[in-house]
């Protein structure tokens, strides 16, 4: 456990906060969860940095995929899941392609995002996509301007998807409801208002 | 006429039919011209978006994608599609479920609720790979279908990430400096150009476009600068989401960073449509945020 | 033989604790008590370390006191301590082949560490099985065979040369076989050696001359091993002397050409119209169709590349009266008899272009370390001036990429550490600092492995000289198409920041892999390899020079990556090991020979083609046709015994009744 | 189908140079596997008379494993080829006498494949556990 200092001045307390790594602070289950969801042996990371060196997000942010791998190995769950950098991976898979340990850091990141969502940590745009799909079957649904354009092209106004066949929507909703995804999305979005 | 044609269930996705319907129209027409019939995959949904759904809960992603595959299984057909994001979802989930019994059982448990079962009888293909595959179309046949060669146009190729990577699972080989799409572009009479960091991401994936658009646009901007450095008339890609990012992204880049590019962005099927003699109107090129006119002037 | 039956078996069982290695898992007391109940067992004892002197004495004493007919030791693996306990058995006055071992460590306590009950029960079975066999064991006498007083070394690199010199200097005639036209190997391609910075050629050339001049060494360059027969002491090795197209002065004399043969003058190469890339310079310099690799070759004899030669005959003309060039020469096969063999097959560079991200062969200014060695070497294609291949300019910023293809688990590269790349890259950094004013070497590394004598000190020195170390593996390299400069992308993991470094030249410290011919050669000699293709030593700690084929030894990188000092050290070890049987003059072969039980043999002859060594033949005896074994040829595999339809072959020490007794003891004996 | 107290009795006849060495290597690496197999060492799988295996089944063995060198790696050049041929024939004999031929397995494990030896052991035990006790067991006594 970190040393308790009880400085009254909040700013000072933050500045002089104990930043050591304490083993009891780590969650040994975290790496197992990441490996199970991400289906990659993340604990085999040897921190060469090939991933960060390949990352299009790293040069323009503080996002370091290598550090996320490190935090996974050390069980620093809290630190990893609450870091907003987690959401800067564009999932380009360059790191996965080049990883000399044959790991999939991208999938480890996806696993951590899944775990973050379980704690209601998730950017709003992701949830809005869920709502759109629940409503129409599409993450980017049709609109009037597009309908007009489609007509001009000789296509039907609605594509041969759930747009034209809304009878397929209940099945999709059933799947989403099975995982209570819509419910959670609505709730988290409402709480964020 | 189409008796000997290859037939595929055409998975549309979201952005092609709902934002760039020209891609849909072009894909159907241009494929027919080279011996591929694309049949409607009725009731398909969003693939679903690999970045968004994969980030929230991979299980939902597997189940939703599997539902789309099952629709094709019920038609007894393989899937063809025009979007890298869709490829990532549909191809990868299909592949994973075929090779992982535990995952497949889990998905089928959910699909049972809607009277569906994933059987693993369909394959998934990107149209671009079918065009390149000599067993289906091949570069030679593609070139023969060209009525109006795009001579003189310098075109930068953007492969996009989710088609070929992670390469360990895929079948495309070299992902550091692939050249097969350049061959597809050259078949149309245009000149494919090489530029710095060709395989870099467009920046939009993984939900980053929605989460931090400036961050996403900065990646796009870098890529556009690298392309312009060698002098190009257009960018081509095989992913409507990348297209959205490059096309509308240029407007957003101007708004946010004050940088102006004006690079026309065309899906390969739109490029193929032009080469096969389709008119800009038949391809709804006016829906592009960045005017395609300069490019058309060069080739028409 | 079958008729030599044991009257009444009296077996002693000895259980080893091996400290806690065995006793930590297996209940030794319980096994001992159980052993006492097994039929024929008259004594059961245990000791902390049976292989120790007191442990061995226990065995010897018990044999005498209890009048034992057989001994069972339950301990580690017979592959480790069978000889030890055979000696102890012998010391007790019993024939050493009346010993049988039960493996309760390597194949029991170590692999069932968390299942003590099951392991104990398995140990009881193992002891019972061993006792069953020991009860039926018989006296056997090892066969002594004379050892041919010659040795062979395959591979003429520094390891092979050292082994050959040691053997030769120990008075043993040694054939040194090298597939290339010259000896010298990889070391002759290097410029300097770490950490002493000796000139590689300078320290190698005297050795090459020594080899060439040594009366006990028969140097066979441009020669490959074609076939191997026989066994320790008596290998018949067939060699292919590839058609060289040029004859030596000695060969000329044999042909009756007075004062003829190649003197290495080079007139032939001067007139030869065919130009090919020189593989010694990694294709960076030309050679002719008639060529030598470099001026210091040994032997100094030219070679015709018949794949390239157009047979114009200009070389023959220019050679004149020496008549050294013979364009009609054909490959020759020769067979030599040797007692022992040292394999020093060396290594190749991993084809690093397979790692697409670094752009080797795609970008002009990305080179391998071996190419760097040639470029920085004064006798190399540029006279020692390091230049960029794209424009010939002198590079001012040079990046060294370590672990290029090593420590790579993707299935493309190599999972192991190639072991000398760190050190030679440090040396490279030193060399450019020395030669190019104002140059900055950037070394991209994951770990600097400077483990040898004076190696860490060398690292200290190079850091002091100004090399910049960046702790991060290179993610990819991009070429600026205009300047042909390279952008090296990595993460400086210590800074925690991505790095895009523009440099003039990139040197990839490419992984190494077994030489292309290793697989073929090892199969000829019956030597195993580990999963990565390096040859497998008999024991990684205790017998690193030996192999599972008696009489065949390993030297140098073919056994696993190692630097020059380690290669030379192992070569000396291998030479020493290879000289022992030769100096003893004879070796004992384990008496695991097949014997024909003539009363059962029907003379059908079906066993004869089964034998890979042609040791079996049908003979007439007392008016019957029966099979007869030539013991000297029999290696004891037992393939004939596994086949004989009449059960008429007695495989000594692995006889049918002995094996059946083991099977029965396991399945029918014990607690059912 | 198996009674609760049943533990499979599996015998492995393995060659000295490859599989026995591989099994030792597994030990050195502390690779853990089920303890149901007892090994008998021969110099070469070529030594293995099919009668040994039939005898083992007659004695009530639930499974027999024969393991040797990879093809081309045999210490005696080709003993493993001959063994493989014999095992192939023997399998058809087993089928004919009503024994599931999965009870006899031939594998190739080299001296450097400790981990593979572990997985072979695990897999063989799994197979035999699934097959249950040998139907010949009751005649064995």
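Should a chain be cited, it is by its letter among A, B, C and D, assigned in written order, with residues numbered from 1 in that chain.
The rule is simple: contacts are C-beta pairs under 8 Å (C-beta built on N, C-alpha and C of every residue); 3 or more make two chains touch, one makes a residue touch a chain.
Predicted model only: the values in this text are computed from it and were never measured.
Of the two chain pairs examined here, A-C and A-B, it is A-B that is joined by more C-beta pairs in contact. Distance between chain centres (mean CA atoms), subunit B to subunit D: 52 Å. Distance from the subunit A centre to the subunit B centre is 23 Å, each centre being the mean of its Cα atoms.
Note: centroid distance subunit A to subunit D, computed from Cα atoms, is 49 Å.
The set of subunit C residues that touch two or more partner chains comprises 357, 410, 476.
For subunit B, the set of residues touching two or more other chains reads 168, 175. Contact of a single residue of subunit A with at least two other chains is seen at positions 94, 102.
Listed by chain label, the pairs that touch are A-B, A-C, B-C, C-D. Residues of subunit C touching subunit B in their complex: 356-357, 359, 362, 410, 476, 478, 480-481.
Partner subunit D is touched in their complex by these residues of subunit C: 77-80, 103, 105-108, 110-115, 118-119, 121-122, 125-126, 129, 523, 526, 528-531, 536, 548-549, 592, 610, 612-613, 635-639, 641-644, 647, 651, 654, 656, 659-660, 662-664, 666-668, 672.
For subunit C in complex with subunit A, the touching residues are 357, 403, 407-411, 413, 446, 471-476, 489-493, 496, 498-500. Of all residues in subunit B, only 168, 174-177, 194, 196-197, 230 touch subunit C in the complex they form.
For subunit A in complex with subunit B, the touching residues are 37, 56-57, 60-61, 87-94, 96-97, 102, 104, 106, 110-111, 113-114, 117, 122-123, 125-130, 133, 137-143, 146, 149-150, 152-155, 159-165, 167-168, 170-172, 174-176, 178-179, 181.
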